[in-house]
Every structure is written in structure tokens, then in C-alpha cells.
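Chains here go by letter, A, B, C and D, matching the order in which they are written, and residues are numbered from 1 within each.
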Amino acid sequence: MDFSFTPEQEKLKKEFEEFFITEMKKAPPTYETGGLEAMFGSDVGWEFHLYMARELGKKGWLAMAWPEKYGGKDASVIDQVIFSEVRGYYGGPGVDIFGIGIVAPTLLVAASEKQREKFLPPIAKGELMYCQGWSEPNAGSDLASLSTTAVKDEDDYIINGQKIWTSGAHRADWMFILVRTNLEEKRSKGLTYLLLDMKAPGITVRPIEAMDGLHMFNEVFFDDVRVPIANRIGEENKGWEVTRQSMNFERSSIGIFSENQKTIEDLVRFVKETKRDGKPLAENQVIRNKLAELAAETEVGRAMAYNIAWMQEKGGLFLAASAASAAKVFGTELAQRLVYVGADILGQYSQVKESKWAPFHGKFETNYQNCMGLNIAGGTSEIQRNLVAWIGLGLPR
Amino acid sequence: MDFSFTPEQEKLKKEFEEFFITEMKKAPPTYETGGLEAMFGSDVGWEFHLYMARELGKKGWLAMAWPEKYGGKDASVIDQVIFSEVRGYYGGPGVDIFGIGIVAPTLLVAASEKQREKFLPPIAKGELMYCQGWSEPNAGSDLASLSTTAVKDEDDYIINGQKIWTSGAHRADWMFILVRTNLEEKRSKGLTYLLLDMKAPGITVRPIEAMDGLHMFNEVFFDDVRVPIANRIGEENKGWEVTRQSMNFERSSIGIFSENQKTIEDLVRFVKETKRDGKPLAENQVIRNKLAELAAETEVGRAMAYNIAWMQEKGGLFLAASAASAAKVFGTELAQRLVYVGADILGQYSQVKESKWAPFHGKFETNYQNCMGLNIAGGTSEIQRNLVAWIGLGLPR
Amino acid sequence: MNLDFNEDQEILRSSAKNFLEKECPKDLVREIEESKEGYSPEIWNKMIELGWTGIAFPEDYGGYGGDFMNLIVLMEEMGRNIIPSPFFSTVVLSGLTILEGGTEEQKKEYLEKIAVGEIIMSLALYEPNGSYNASGITVSATPKDDGYVINGTKMFVNDANIADYLLVVARTEDSDNPEEGVTIFLVEAKASGITCNKVPTMGLDNSCEVIFDNVSIPKANILGEAGKAWEVIQKSSEKAIMAKCAEMVGGAQASLDMTNAYAKERVQYKQPIGKFQVIQHYLADMMIKVGTSRNILYEVSWMVGQNIPCAMKVSAAKSWINEAYKFITERGVQIHGGIGTTRECDIGLYYRRAKTAELILGDTGHHLENIAQEIGL
Amino acid sequence: MNLDFNEDQEILRSSAKNFLEKECPKDLVREIEESKEGYSPEIWNKMIELGWTGIAFPEDYGGYGGDFMNLIVLMEEMGRNIIPSPFFSTVVLSGLTILEGGTEEQKKEYLEKIAVGEIIMSLALYEPNGSYNASGITVSATPKDDGYVINGTKMFVNDANIADYLLVVARTEDSDNPEEGVTIFLVEAKASGITCNKVPTMGLDNSCEVIFDNVSIPKANILGEAGKAWEVIQKSSEKAIMAKCAEMVGGAQASLDMTNAYAKERVQYKQPIGKFQVIQHYLADMMIKVGTSRNILYEVSWMVGQNIPCAMKVSAAKSWINEAYKFITERGVQIHGGIGTTRECDIGLYYRRAKTAELILGDTGHHLENIAQEIGL
């Protein structure tokens, strides 16, 4: 047993740290809040994301784990996790969680050679941003009920229907989408996986305002949108299997924990500097205990994340699936608790939006409103617990 | 709206208080721990219970709410709740929760006049103690799966089978029991409600040791036990309905809250008197907050209990049923939290059993082990939440 | 003991409910809260016409008797159907403070003006230091000529931007005991030297920073007696806390109701999500918290209304309801799923207000410490 | 990075598992824990034969190399299958303290005796004041003639009733800094002036009160250097804490496994209770806590074994595993229902030990305060 990094990994970690320390000085203040809000919520935020994506692309850090022939470095999962850990700590954007996180791993497993050669390089270079066409108004957790259709017409599919909760659809270049190609087949059968250009005629993007007023989510409407058959990944009607195959993207949730760590450090500084009723907040035993608890949980989460990385590294995808569900629910609920504790500490100032009166640029005000989203997006905490019970414990469905 | 007691009620409350203050001086030290353990767990404990029962019987306080003709005083539910509140605070025994709490209200609704005249007076006088023959090894929460049988033979039923979790079966005089009289009928149909003498031949009581080693629970085996048909309450095969009718016993759970209040007062004294690492525990803000939280919750519980009493007083049994489930789960989980906080406060001493080293006569050591029982007995917390969802919120079963 | 409301109160409740449902649909709430004024003068005028502004005061001061439980009923309904209005600032925070601490003349003058809807008022209590205690009062009122000069900054003053008058809690004397030497001044909100800026808040609730730069106030504008105001604040706060609690309980009930309805109607995996046991238990816990919140609300409000000392119970109620309302709205968002996290979904309105309401008149930590002191710690 | 155990360790694990399952069924555990000696000399001898008592020490001192992770593997298995034995007191608490703080001679003498199973030892650390800190050390050792005289009472000394020697942590000098002036003495457990009484505890774990009444100890029996013992205690405690954590993780895993099995087998309402979503979520939460506990256990144990400074992580591990183990066993009892609350059901053994284990080497509150200090608060 050996928890240490190799000297190369130590070196890599330093490089990552130096990169983010330098580059994040250029970040607009909205990045203080972290998360997708900073990226999607404003033009400056998005531009900084694009800038960082291209810089990371140049470094080759976006596609680290890919085979060399697609522009990757055949790096280990551990290397990737180190990168994600550092990036999470500094709150750096530049990694398209859809393109890098989901599309690319899917293509690597399920696409034709030709498709890989076409679609992977722009992702690796940070030049093309994706969004995710999965949820529909009547299919949130239950993706098998999807009803957006695609009908073949010569060399194209023609798509009609609606997607929802599409983060960043108003900014993305491309979308990966699950559509129903066979109406006879039920549930998860009869679905097909396509890539489509967001500039295609017939696409309408309608913003959905988040609770705090920011614009991250969208509804996307499809009115006779044509997608070349050549953009289908895998076989027709096998879209469900295609999505299931792409589980070998990095699923450790490490970024949540390193981001937490940074937040805790900020709060420690805050409570030492801030007096209330004549005493530094840091002297309040309740605050000490709460921050200590969160710091402990963050250490625990970090250990968990590296363990998942190790399982993935060894190829234990089945066990890793349950562990990844566990990490997701543990991580997002921890992040939520941290926001709530931070809000308690800030007291009356926790309610203040980004302004001259707001500590941390209003981070806790906005995160107070969007932290629940983490427990919902990407599989609700309820679904994750079901999966842990079914996969991890073998309980009956 | 008026939350005050009438002058008569204020007077009654004082009488209750004086009675328990005086009488509890005679209690053996095991009563410090409270609960059924003190009653059933030792001979001295049981004798004190019997003594108190007869004293309360003489005062007429056991049967307060019954019609006068059965020895009662036609008192209001509120009066009963005041009694239970005071009794809970002083940890007084003497009330047979089975005889007074369940059998008598059932008889009042479902028994024949003759049966009432026979069975009620000894209960009212505190002379006869009951135990409850409900759960079976394969029927815990799911009582409808009961399989202990009763077959008619001339003037008797002949009972065969087994009951479990029978608190105090080793001490009780009588049992009320649900048995299956019709094997063709399924689930809750075909059950019959009987009263039986625990001295009847063919009954074997086997103790079940509780986690902390005390003897409260038992298994009871029936081998051709004869019960006169005259002891059947309600019609044959209608036992389920009979049990369902008896919901108008006092269900406020008030006793939990007043007992809590006493425990909090004791802990407040303890943390003021006890120094650790040179500082009184009472100066630790974590301890202050936790005790304050529990004190608040106890006040909340008390308000809830009186509200249920008021609903019952007005006859709103249906709504009161959901509220009573709510009070049960709220009360027992609060009691558990209180035990855990108390144990945290006691630190290393929380593990010490009754002995010269034990604070509070080992109350927290023993309650640490039996507090979960409250969330299980009398309908688990899971069942109670189901009932709140189904009855209170109309959610689909 | 009689735990039912009387018939008049039931009528008040149902008429308030109907009025608010009709006049203040949630789309309008969203529109109002983003407006500069942060309230609808139109609806406010209708509330005045209905006599709501006089509900908390005795007839002698232009009110309608002032049974405190009437105010509780009304606040509960205003919480159930959110209505951005200066009611709480004017009638509860300011009105009850004047009723508690004002001279007979002041009560006659200002309460009647509030009752007839002539003025909007607010209480300028908190400061940038974020304290809920007397030690937090540092805005100074220094004697000068025949009056006082006020300097300093007040924070989180709701509706100061639309107020005609402010009750400014200032320190007129330094003392070892911070509860001494505190005085309340009746100040015209537009008086020279006052700058008012809206602070953007999660609750979008007209929260303001009010800066006093050498603001001269005549002696006559002292509310009641100089130097003795902290006791007044404490007593009127008990009532204001319970009124806020009522609003919160109304909001918690609405949150439960809308979530329960959604759970019955939203289908996933071929069944309403309300059939999943985990969702049922979430909702059961929410219901238990709403129920208990209401129980403690009514008991303690009644006691406060009867002037029965119950400081511990007031803090028990506020701390419990603070946490319950946050819990209920948070679970409400979770059960709603994605749509719950959006601005267009009503549950979010309540989620935001739950946090804002906690911060008014003492957050949970503050009230737990109060309780600790009251139980002898 | 390589997060797998090596083959030897896997063999150690499975042989330990098999041995314990066979030799120490739960009925025997219940019998042993109620016995006066509180351990089975028979099984203890077999453990010695298996070489377990030498697992933590280098070969120079009669051990088998002492890779710390081997000890972790063994403790985890001893936690999974509860075995009342003096292993923790002797090998971990005492052995590791001697290894850390003893002179070369003392190490040679005592560690070898421990390794070959010749002696049972325990560490007499805590006192009636209930503190986990250096300030809690008040038992005095006063110089007299050529040695010291010890007076005072030690509490919660596990296995003192069966020990041959005690390591007694005493104060030899008063100092403003309570961490100075603390000395460890090697004391024969039956020395004149020592009274040992078993304290009846929830864990039924041979917890003793040890009273020292003018107990004379020669200077030579000072472990290492006089006055410098607190640092030794702190360093050896880190290892002992992780070993205890391993035992707890083993117990937590066993609690999850038996509860999961029960949920699959127990039928109510015509289905295994493990099909109810609420039970599934309870179990999922339990599994998450077991998994995370094991993750942090291995990481921090490895660091401690490598002598990498990680005081904060040690406290993070202990505080997390304290709470996780209590949570898991508590839910375990709840899922078992009635039977879970009885002495005959195995889950109760673990539930009781979860609380006892929390109290050894720092409860959650203690470790949270350590963390607070480590993160700069």
C-alpha cells in the first residue's frame, strides 16, 4: 500500500498549481462563487472559460487520459484526479464537463474511428463546447421515458421535441442528445445517441432563470431539426447502451472536496478576522466544531475520491459505479452543509448579493440558492442512494 | 383561544404534583432511569409499581376519563394529559400502560356491558396488570400476518402458537391477545380479540434479555391454552376492527416531553457543577446550544401534545390519528437525541452502569441502550411516518 | 383550555386568504420584489381599506381592538400567500414599538396615522456589526442645543426606501451595561443628512442601509423616555417575533401543500413520485415540522398576547420555526427536483424567504443562547 | 500510488478472519464479556501462537517487522469479529508506547515479553476528571529516596484487572504548561499499594479504576526520560488511535453486513424489508459511511506508519469514524427492529462497542477541537 504520488505526479501537481495560481488572477470576480454559475451566468464569465479552455488545451491537460493518437497523453486516472483536485481548489474553469467529461469518453468507447478523428480533436483543444440533451419535462430521473423523436429522412435524422435543464445551451456549440427512434419499443429501448450542431435551423433555446436569477439552464425546442446520420454514435436504437458504456470518465467527485477545502480556509480566515459582540467568531465553540467537522468530512471525501480513482485505474468499473454514486451524494450533500454553515457564520450578511456589502462577493447568497441543484442534477441524491442499495448492497429493486 | 387551565385543573395539577413528590421519595433508585425498565426490570421496581398503582387507584386517577358508572370521573382528555404530564416529569410508575392505556378504552367501546362490569373495576383500582399479546416472530410491524390460532371447543377457545416482545409478561396477571380464528380468511380478517389469565395452564413465558441485560420483554408460548368464549371482546373474526376502535385512549405522548424536561433540568445542573479541563461544562457553547435546542424541542413537543389532546377532546379522531403518529415519532426520536446529547456531555462517564462511579445512577448508560426501543415498539418510526403520509397527507399507499 | 380560534378570527382568516390569493398571485410577487419600490401601492391601499393596518392597536389609538391573535391569523395568511408589503415594518415593528414605548401623545398621533394607512414606517435597529444584542447599538445620538445629532449607519432596515418615518435606535449614553443608554428617535425618513441605499438581498425584501450624517432631531422626537429604550425593544420584539413566526408558519404550510400536490401529480417510473416511500417520509417529516411549528406558535403567541412572561418560549418558538421553515422549503425544492431550483417555481420564493426570515429578530444561534440563559446556563 | 494491500497482508486478513470466526462465535463473546477475567486465556494463547502479539514490533525487539498496515489489517478483523482480549491494551496501547518512548533496554525487555505473550500490560492514562488532555494528569509521582511514590486514581484502565504491568502516566513536576512534567512509570500491576476495581461499563470491556496509595517505584522504572512523556503519549496515541479506528471500521462493516443480510431475509407485508425504499436508503447511508471510514482509515494509517505528520488527519479519522460507527450500529438496530434491541442479537454487541470505542483516545468533541486548532482556529 502506498498513498504517495510519484515524483512525476508531484511535479505535475506543482505545474497545475502554478498554472491556476497565475491564470486565476485574470478571473472575473464572479468566479469567487465557483460552479457553473460563474461560467454560464455572464459573458465575461464565459469568455474567461473559453480562454482557460484553450490554454488548458494547449497544455494538453484537457485530454490527458486519452490515447495519444487522439491528442491525449495516456495518463492515469490518478493524474486526472490530481488535475481535478487542483482545479477544484482554485475554482478554475476551462474544462467542459459535457465535452471533456461525457462526450469524449463516450466517443472513445462507442464511436467509429472516423467519428473519433472528427470530433475528438476540437474537444481536446478546448475549441468546441458541448451541452447535454438528456432530460425532458416528463423525464427527469426517469430517462427511459424520453419522447423527443428522430425520424430518418435520407441521410439525416429529423428531430422534434423538447429538452430541458440544458445547462449552457445558450453558449454551447454542440449538443449530445438522446432521442427516440423507435416508437414501438418501450422505455430504454429505441433510443439513439446523436451529436448535433446548436446552430442547426429549427433549434430554439429558451432560458430558465435559476432561483437567484442567474441564467444557466435552458429549455431547447426542436422543430424539424436535421442531423446527419453520420453524427449518430453507436447503432440506432442502442443509445441507452452507448450512454451506459461511457462510465469510465473520471467519477471521483474530487473537485467538490478541494473546492470545499478552499472555502473552509476562507471561512477560517473570516472568523478569525471578524468580531461579533466584541469577540472573534473564531472563539465560538459551535463555529469551531462546525468548521472542524466540515474539514474532517472534506478529508474523508478526498480519501474516498482517490479510492474511486484507484478502482477506476484498476478497471473495477462495476464496484466503482456504486462508489461513484456514493461519492456524488456524499460530496454534494457535504457541499450543501458547508454553504449552510457558512451562511450561519455570516449571519445577517449571508443574505447579501454581490455588492459592496457582500462578504466573498456574495458567494454564500448565491450558493445558498443553487446548492440544492447539486443534489438534483446528474442523478438526484435519491437515485444515487437507490443505486448504492441496488448495486453496492444487492438489495432488490 | 385560551391555553390556560381552569382553576379546577390548576388545583388538580397541584394535587398530582404533591402526590408524586411525596410518593417518589419512596421509589427505589432504579427509577432514576425511568421507563418500563424500572418497572419490569427488578422485583423492587415492580413492587413499587404495584404500590403506586393501588394508591393511584384509590385516588381515582387511573380511570379519570371513564364514565362514572365504571369507577371513572368523566374527566376531560385535558385532565388526563395534565396527569400524564406530571407523572412523566416525576417518573412515577403505577399506570399500567396496557390495562389502563389500551384494554380499558377497548372495553369501553367494544365489550358487552357484562364484560365491562367484570373487567374494568380491577383495572381502575390498580389491582390487575395486563400485558399485550400482539407481535409474533413473523409479524412485527405487519400484524395482519399473525398466525397464533384459537379454535373453538365447547365454551372455550383453545390457543396454540407464540407471541413475542411481550413487555412484562413475566409479571402481568392478564393478557389481551389477538389470535387467528379463521384460517381461510387472509391478513387482517379472521382475527379475534381475547382476554386471558396468565396463570392458565399451557402458557410458558421465556425471558428475552434486553441489550443492557435487563428483563422487560418475553416470548410467550401457548400450548392448548383454554380461554372462555366469554372473554372474547367483540365478535369472532372482528378482532382487527376491535383494536382499531380503541383509538380514543390518550395519545398525546405528553409524558415523553415532561420526562425530557426533567432530564434537561438535571443535565443543566450537572454541567454547571462539573468542570472539565478547568472550565465548567456549562461554559461550552456547544453544550449550551445542544441543551437549548433540546429544551426548545421539548417545549414544542408539549405544545403538540396539548394540541392532540384538544383534538381528541373535540372528537376529531381521524386527524388526531395522524397527529398522534407524528407525536410518537417526534417524541421518541427527541428522547433518543436527548440521551445521546446527555451521553456526549457525560463523556467517559456515559458508559458507566449503575454503581458508585455512575452519574444519575447509570441512567444514560442504560437509556443509551434502550432508547431505540422507543422508535420500534408500538409501531416503528417508519410505520408512523407512513401513517402521517397516508392519513395526514393523503399520499398513495 | 380552548385551542380553537373564534368565529371572527376564522372569518378574518378566510377573507385574508381569499384576498391575497386573488390580489397577489405569485407572478405578481416576482414582479413586485424586483421593482424599485419593492411593494405594490395599489395592493397596499387595499390592505389599508380592509383595515389590516389597524388590526394590532386598541381602539383608543385608531385600531380595531388589537387582540394579538388577530394579528397572528393575518400574518400567517400573509406568509402563506407571500405579499411584499410594508406591513411588517410599519404595523408590527414600528407600530408595536410605539404602542409599547411611546408617550400617550405619540401613540395617539402615530398609531392612528399607521392605522389609517397615512404613513409607512420602519425600525432602524441593526448595524454593520451584525449583532442582535444591545452591545451592537453604536449609532450615536449626541445632545446638541435643544435636541440630538445622530451619526452612524443602520443596516438591513426593511422598507426604509419607502418609509415616511423611521424609528432609529441610537445610543445616547455610554454605560457599562450596554442595555442602558439606548434611545429610540422618531425620525423623518427624508430628513437632511440621511442617505438610504437598498442592499441587494436574497429575499429581495427592500433591505436598506441607512446612513446618518449629523442628522438633527428635536428632543420631542424621543419615543417615550431617553435611555430606556432597550427594554421597550425587548418587549415589543417578543410580539414582533411571534408575528414573524406566524408569517413563517403560513409559508411553511404553503410550501408543504404545494410540494404534496406536486408529489401526487408528478409521474416518474410510471407512478406519482409521492408513492415512493422516501418521498413520503420526506413529506411526513415536513408535515411534522409544520404541525409542531403551528402548535408552538399559537401557544406562545397567546401567552405573549396575554402578557404572560415567556422569554424562553419565545426563543424556543423562533429557533424551532427558523429551522423548520428552512428544512421544509429545502426538502420542498428537493422533491420538486429541477423545476424547484428555478425562479419560476413558487417553492423557491419560500425557500429564499425562509432564510431571510431567520435573520429577522434573531437567528437560531441567537435564540439558542437566549434559551440557554433562560434555563439557567 | 497503490491502494491495495500486498499478498502477505491479504493472507493475514483471511487467516485472521477464519480464526476469529471459528474460535470466537458471538455466544462465546457474550459469555466472555460477562466473566470476571473478561477474556479467554485459551483464545489469547492461540493468538500468541499465531504471532499476533509480535505484529507491531521490529524484529530487533522480538517482533515480526512491524509494518504498521499489518496491525491495521489485524485490528480491522478483530473489530469485524469481536474478540474480548487484552490485545489492544497490551500490544497497541502499551507496546507502541514503549516502542516510542522506552530506552533501548526497556524496549528489548518488555517488547519481547509482549511479543512472546509472556505479559499482559495496560496504559493507565485517564483520571476521574474525565479529561483527554495533559491537564487531566494529576496522579502524582513524588521523588523519594531512590525512586518515586505514586498517589492518585486512574480511571477506565482496560484490562488492569488481568495485567502484569501497567504504564502509569503521572505528574512528576508541576509546570505552567501541563504538557511538561509528565512521566510514564512501568509498574507491576500487583505492587503493594495498588487497588484495582472493575468499573461496570456498557462495553463490558474490563474497564478498571486503579487506585495508587503510596506506591513506591524505583527510578529505573521510568519509561524513557522523566518529564517528557506527554510527547511520547501523543505520538504513540496517533498509532493507537488508528488501530482503534481499524477495529471500529471492521465492526462497522460487520454491522452493515449483518443488517443487509437481515433486510434481505426478513419479510413483512409480503416482501423482504430490504425492498422498502426507506430501508434501502438507510442501508445506502450506512454503506457510504463504512466506505468513507475505510478510505480515511487506510490513508491516515499509512501516513502514520510512514511517520508523515498528520495530526489533523488523525483527528479527522477518529471523529468521522466515531460518528459513522455509532450511526451505522444505531440504524442497524432500527432495521433489525425488536430483535435488534436484545442481548441475543449480535448488532447490539456492536452498538455498545461503538460508543465505548468513541470514548477511547478522544471522543468526537475532543478531536473536533484538535482539528479546529490544526486548521488555524
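Basically, a contact is a pair of C-beta atoms (placed from the backbone, for glycine too) under 8 Å apart; a residue touches a chain by one contact, two chains touch by 3 or more.
Given the structure is predicted, the values throughout are model-derived calculations rather than measurements.
Set against one another, A-C and A-D show the most C-beta pairs in contact at A-D. Set against the C-alpha centre of chain A, every other chain centre is closer than that of B. Note: centroid distance chain B to chain C, computed from Cα atoms, is 41 Å. If each chain is reduced to the centroid of its CA atoms, chain C and chain D end up 53 Å from each other.
For chain C, residues touching at least two other chains, in rising order: 276-279, 281, 365.
Of all residues in chain B, those that touch two or more other chains are 285-286, 289, 382, 385.
Partner chain A is touched in their complex by these residues of chain D: 1-6, 9, 69, 260, 263-264, 271-272, 274-275, 277, 280-281, 283-285, 287-288, 291-293, 295-296, 298-300, 302-303, 312-313, 315-317, 319-320, 365, 367-372, 375-377.
Within the complex, the chain D residues that touch chain B are 126, 129-131, 133, 135-136, 155-156, 199-203, 207, 209, 267-269, 276, 278-279, 330, 333-334, 337-338, 340-344, 348, 351-352, 355-356, 359, 363-365. Touching chain C in their complex are the following residues of chain D: 276-278, 281. Of all residues in chain B, only 1-6, 9, 78, 264-265, 268, 271-272, 282, 285, 288-289, 291-293, 295-297, 299-301, 303-304, 306-307, 310, 323, 326, 329-330, 382, 384-386, 388-390, 392-396 touch chain C in the complex they form.
Within the complex formed with chain B, the chain A residues making contact are 284-286, 289.
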